[in-house]
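For clarity, chains are labelled A, B and C in written order, and residue numbers in each chain start from 1.
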Amino acid sequence: MPSRASRSLAAVWAILRKECRSEWRTRYGLNSALLFAVTALVAVSFGAGRLGDRVDVLAAMLWIVLLFATLASLSHAFVREVEGQTLSMLRRVASPTEIAIGKLLFNLLFLAVLEIVTVPLFLVLMGAPPPRWGTFLALLALGSLALAVSSTLLGALIAQSRGRGALFAGVSFPVLLPVLAAAVSGTRAQWQQLPAGGEIRLLAAYGAALMAASLLLYDHLWEE
Amino acid sequence: MILRGLLLVWIAACIVLAFVWAPLVPVLADTTRVLYFHIPSAWVTVLALGWSMVASLLYLRTRRIEFDDHAATAAELGLLFCIAATVSGAFWAKAMWGAYWNWDPRETSIFFLLLIYVAYLALRSAIDEPTRRARLAAIYSAIAFVSVPFLMFVVPRIYFSLHPDPLINTRGKVDMDPRIRVVFYGMLLGFTALFVWLLRLRVRLLRLERARVDIAPVADRALA
Amino acid sequence: MEIKLEGNGLGHRYGRGRGLEPLSFALSGPGVVAVTGPNGSGKSTLLRILAGLLRPSAGASTLRVERCEFERAERRKVTGWASPDLHFYGELTVRENLEFAAEARGLTGRSVAVREVVGSVGLTSRLDDRAAALSTGMHQRLRLAFALLGSPPILLLDEPGSHLDAAGKGHLVEVLTRVRATTRVVLATNDPGERDLAEQSIALAGRGLGDTA
């Protein structure tokens, strides 16, 4: 008899695979997200030019592009469910937490793909100095985690309202402001050869706090 | 009735005393007076947010709609006081330091609270069904609750690295003359009482509105 | 199998105006019960509450299978629900939709279970068609297949015969005849033919949502 935990894991895995398969079949979400991110990037590059020495502006620009890409695309995981009216079916086969974690993992994967394309492009286009890879990647990973955790919960929230993209951006911004602040500060520090330990710790702590709060709140989300 | 009259008299007295009786703080000169309005407004903003969040959590725990009334009303009032605090703060900053906005820690914090209020109220306005609105707004409130301490922690860090010459906020260092203290605390009490009174008034109104909606169809049938 | 389904002053209100007037009932053991009533009297609402999808604003419901009580959150494990509100992933095939459901619910012998259930509603020929390509009638059959997945002890069917052609209805009757000895079926319907498939019936009176008097 499979244990409860392994059954939950199986459900999460099933949901993740379903999301990937749906995304692959329609490819709507990823395409438009990539387009948006690259457009934002090109706009910044075109407008600001190569900023090799201005690491403070570089750090800010990088995270603004990532933030905007997140706000433009991560809500669609749930919005698609609402538009297809498949939420009822989903709720019949898995618990709210399993659904949430499945969607979160998908959003993380989504962000990872987005960043694999966007970040190198950014570094090249903007003439950024070589980053301290360990710190840089840690900041990217933890920042992205926080972005994804917040977006998964808030995406589920606004999917049940009349609002869409603009409302999602509006409600996400206050929650993501600490992430933006810490990530920008840390990214700048690593380019200035300064320690970024504090920022990394903050991002990790915030991500963990958001995760913990989300897990407690998901059961209330679809109670109707 | 009597209490309301008392409140009116109290606040009026405080205002008069603020202009006539309390001395000026040397460093602040004529701008001293703002302190009697700006700080109590900011205080009520924080109080309102705190109460709104607590009420939201209580709603999730008990599902009693009165808590949602409290959460919503506290947010609406909090927004008003927040705007008052932000605007009065901006004018004060202009008078003291020559610029309306500096992104110094306090200004950033109050702006952040403003964002939370606006996002919360925008979310509420995007959901029509009362139970769902109460539940989803409460969930958002809980997440915002998590973000507040993190932002408060992060704000001094970004500020000090972006603006190397710290503009020390003299308010905290004011050595308060006893007369100033009297008026100040008097005003603080007055503002708090004002908030509580308005809160209870509106919550009562919401409750009556709900009762009317319930009775209306029965009454119509009885009359038909 | 011991099955108990009870409602105690169960009611629900959507915003202004009533959805479901307070209702009390007690059903025990397998069998088919029809829930009837005018449009908006709360048939779908009742089924959603029993399925655990909706928290009622008044009263409570109890669901017990083999002495185990199932709270709202757990009811999806022992109930099969089919309703006009149930939709599937259009970009996935019938097989993928059902196998996903089976996998997420932790059913063993997934592909066998899916094939069985698809066979009982007559959708076998459409297994590898995308759900978006199905007609409304076929879609309805898919809903029934979904509800039957895992042979749950309780079936909550909201207007199961809607959009079904003669063959589809035949499958429905076949299924109900087969399961009525082991399953508690609650059928929400206004169709007299479906009503006749039931041994008992619960009539919902009440204003419902449509009545704005």
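The working rule: contacts are C-beta pairs under 8 Å (C-beta built on N, C-alpha and C of every residue); 3 or more make two chains touch, one makes a residue touch a chain.
Just so we're clear, the structure is a prediction, and the values are computed from it rather than from any experiment.
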Centre-most chain, if every chain is reduced to its averaged C-alpha atoms: A
Pair exhibiting more inter-chain C-beta contacts, A-C or A-B: A-B
Chain at maximum distance from subunit B, centres defined as averaged CA atoms: C
Averaged-CA centre spacing for the pair subunit C and subunit B, given as whole angstrom: 49
Distance from subunit C to subunit A - Cα centre to Cα centre, in angstrom: 37
Inter-chain centre distance, subunit A versus subunit B - centres from mean C-alpha coordinates, in Å: 31
Multi-partner residues of subunit B (at least 2 other chains): 128
Touching two or more other chains - residues of subunit A: 223-224
Multi-chain contact residues (two or more partners), subunit C: 55
Subunit A-touching residues of subunit C, taken from the complex the two chains share: 48, 51, 53-55, 73, 76, 81, 83, 85-92, 96, 100-101, 103-106, 146
Subunit B-facing residues of subunit A, complex: 56, 150, 153-154, 157-158, 160-163, 167, 170-171, 173-175, 177-178, 181-182, 184-185, 188, 198-199, 202, 205-206, 209-210, 213-214, 217, 220-221, 223-224
In the complex with subunit C, residue positions of subunit A that touch it: 2, 7, 10-11, 14-15, 17-18, 21-22, 25-26, 84-86, 88-89, 91-96, 98, 219, 223-224
Subunit A-facing residues of subunit B, complex: 60, 112, 115-116, 118-120, 122-123, 126-128, 132, 135-136, 138-140, 142-144, 146-147, 150-151, 153-155, 157-158, 161-162
